[in-house]
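Each remark here refers to the structure printed beneath this line.
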Amino acid sequence: MIDKTVSDCRQAVAMITDGSSIMLGGFGNAGMPAQLIEALREHGARNLTIISNGAGTGDYALGALVGDGKVSKVVASFPAPSATQFRERYLRGEIELELVPQGTLVERIRAAGAGLGGFYTPTGAGTELAAGKESRVINGREYLFELPIHADFVFLKAYQGDRLGNLMYRGTMRNFNMVMATAGKTVIAEVEQIVPAGGIPPEQVHTPGLFVDRVVQVARHPRLLELPKEGGAA
Amino acid sequence: MMLTRDGIAWRIARDLHEGDYVNLGVGIPVLVSNYLDRTQEIFLHSENGILGVGPRPKRDEIDLDLISAGKGFCTLSTGAAIFDQPISFAMMRGGHLSHAILGAIEVAENGDFANWKVPGEAVPGVGGAMDLAVGTPNIYVAMSHVTNKGKPKIVKTCAAPLTARQCVKRIYTDLAIIDVTAQGLVLREVMPGNDPASVQAKTEANLIVAPDWREMDVPETATNGARLRN
Amino acid sequence: MIDKTVSDCRQAVAMITDGSSIMLGGFGNAGMPAQLIEALREHGARNLTIISNGAGTGDYALGALVGDGKVSKVVASFPAPSATQFRERYLRGEIELELVPQGTLVERIRAAGAGLGGFYTPTGAGTELAAGKESRVINGREYLFELPIHADFVFLKAYQGDRLGNLMYRGTMRNFNMVMATAGKTVIAEVEQIVPAGGIPPEQVHTPGLFVDRVVQVARHPRLLELPKEGGAA
Amino acid sequence: MMLTRDGIAWRIARDLHEGDYVNLGVGIPVLVSNYLDRTQEIFLHSENGILGVGPRPKRDEIDLDLISAGKGFCTLSTGAAIFDQPISFAMMRGGHLSHAILGAIEVAENGDFANWKVPGEAVPGVGGAMDLAVGTPNIYVAMSHVTNKGKPKIVKTCAAPLTARQCVKRIYTDLAIIDVTAQGLVLREVMPGNDPASVQAKTEANLIVAPDWREMDVPETATNGARLRN
């Protein structure tokens, strides 16, 4: 019987070594594998390259990992003004940033997962983010050449998972998770519920199990349970 | 008279119609959602993976897994769809949305614009702005006509780092509505109390005054900060 | 109120002109827009370019359209030995074939829908299908450069649809339909049931309505209801 | 003795194990599904969009919307997933399957193989063969050792149009099992009643006889057409 489940996050991240590249799913708090990131922080690996939409906000998950000085490079589209831990270290020159437009980041990850060698996108042509990139005119329009982005490890967050690695997301959790699942050597998913194999209907499996190596059930990170401080939404 | 930020959003909302698929950027653009005609079906796109963003939830309606691109909680409108990043950006880059309403630091007379990197800001962040800009047929810019220091933001050539070249179709400011055309910038509407000459005086680029230019038709509440209705 | 529904297939295909390019979803009979294809056949447009995984089998749908002599070019990965109508005309030189490996066909359609200028795939490198194609070595491996494929019209087949154009597929119907929905100027969907707007749960909308221009409810084509002739499955 | 087509399939099935993700091509490969060890979880991929193809349905179990790549009706195994073409081919091209079992017209000593176009066939069709071949780490070829006319199919250089270069890992024929290695073709197993010399005689390419080569361990039913059990 295939069984990709592991008992806790510590075990799930135990094999990560210094210098690893790690993709983190999530956009905002939705679909953020916060418990795996916290376990990685305790695990202690350093000199990490993080591939993620943002650079971590606040003092938890990626923000805290960056604050600990364990990240040497971030590949991201939007290090938000609220990414204070990143900002501080970036301005001191302690951390490298490769800034990639969000759609290009998505597509580069997808190219890695789909076995493509690279692609041409119009995004960024004629801007300062085109610096150093090869460009090409196709049918009269300028495109930039972009290469795939692979990772040693991928952290995902889903709503349900099974022992085969099948995952289902809720709401806007799927964001980067589905595509990142295809682009890592070792793919680890944090889920809120482990269901029996076949418990996710075949037409609702968002990430098929063959992309996933480990599944861990863990309660939602407390910071991902917070409601807005005052009436109304954030 | 000048439009408030909400006033600009209100005016833009008047130009969106049934069947439009619209992405609203941060700042003034996101305010547009408050002024849409609720009798028309206009679908709002959120780049994190929603087509059909609904109003903000009441506190007891919040779904922790349902957020929009601004990272705040949201609801879904009737007939909404949820999807992942590759599909969301295929919609944006592939030209499937009808409109993107975006803020800007500067717009040039050829439709170039800059909105992602404030000059002097040491930590850059770009997000989905460049993808929207290259892909969406109708890029509408919403911004103040001049900076806090009175410097024109509609210029001959952008000084700030570009978001994309030659993509802006229309500019909505607190003073005017200006179309970007092959002939140049065409002044369409002017706020009451101003005229084409006074708008040109606050604009670095040359404005072509449309033969049928007119005063903008907005309620007083669009200019005085009182509560606007959609 | 947005209403993309039209009353019958004839109306749905009425604007198609001679010389149009048309993508057809489906793999085998699953997800094949057979009623739209039959309506196109009656409509009479000629000199068509068809983009499809196969070249039509038997005497219905695409097979019949080809048999009528209305197709001048097929872009496909697998004109099966059973594509007898195609075979006959191809051998007489009456129809052109652009043979594209299936994964490359999928990716070229996706590139069109996603606004990309082209991409590099390892598929076909060093084979006779690389003839005339630009190749490039990336990280020591040879890739072929491939361009997007757009179409004037796309025919889809889904299980459910609504007036907004949202579509949901059953079983293996989604195959080429989901990606083709993104790559056409006018996208027409044949569905078995039109449900009220919102009737398809947001997380189960496979093709969001913004990709779709027209939806028509029509009974499943009789040839798509056939069971294997004798006991057991085909 | 020679293996029947089902015998080859039976033997290949012995080399597939729990947790393998396998695509089975047309011909002998698809027969492998009949001989898998049902106590192990082996997931079968179908390029039209299934991971977890189950047995053929009984007539009254047929779902008209559920077909596999061979266009026949199928069922789903426990834990199966359904998806569209971009994801299915990402699995194939991106190296996410563990094995593809494919038929072949010829295999060359460097792992090149040809399986998509029979020489002289005027109407070509390629399907997903090239994508599988370039992407899957373990390409196993299943074929008769020689053609109907006795011509070797394991050759120095393929004459038929290639499917892909240097990708075959192992060849299963009715006479032998041969690994493709950096050193060349290594003969691992030989059918009873044959020996390395007799296999070499039917092989154009040079075979390196593995020091631990052995007779293939198959039931008599794998050679005589009687019903095989998995």
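By letter and in written order, the chains are A, B, C and D; residue numbering begins at 1 in each of them.
The criterion applied here is as follows: contacts are C-beta pairs under 8 Å (C-beta built on N, C-alpha and C of every residue); 3 or more make two chains touch, one makes a residue touch a chain.
As the structure is a prediction and not an experimental result, all values here were calculated from the model.
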Contact-richer chain pair [A-D vs C-D]: C-D
Distance from the mean Cα position of chain D to that of chain A, given in whole angstrom: 36
Inter-chain centre distance, chain B versus chain D - centres from mean C-alpha coordinates, in Å: 57
For chain A paired with chain B, centre-to-centre distance based on mean C-alpha positions, whole Å: 29
Multi-chain contact sites of chain D, meaning residues that touch two or more partners: 82-83, 86, 89, 92-93, 134-135
Multi-chain contact sites of chain C, meaning residues that touch two or more partners: 107, 110, 114-116, 121-122, 170-171, 203
Chain contact topology (line, ring, star, complete or other): other
In contact (per the touch rule at the top): chain pairs: A-B, A-C, A-D, B-C, C-D
Interfacial residue positions of chain C with respect to chain B in the complex: 1-2, 110, 112-116, 162, 164, 166, 182, 197-198, 202-203, 205, 208-211
List of chain C residues in touch with chain D within their complex: 27-31, 76-81, 83, 86-87, 90-91, 97, 99-104, 106-107, 110, 121-129, 159, 170-179, 206, 220, 224-225, 227-228, 231-234
Residues of chain B touching chain C in the complex: 18-19, 21, 41, 43, 51-52, 76, 78-83, 86-87, 89-97, 134-135
Interface residues, chain C side, partner chain A - complex: 107, 111, 114-122, 136, 138-139, 141, 143, 147, 170-171, 203-204
For the chain D and chain C complex, residues of the former touching the latter: 46-50, 56-59, 62-69, 71-74, 82-86, 89, 92-93, 117, 122-131, 134-135, 161-165
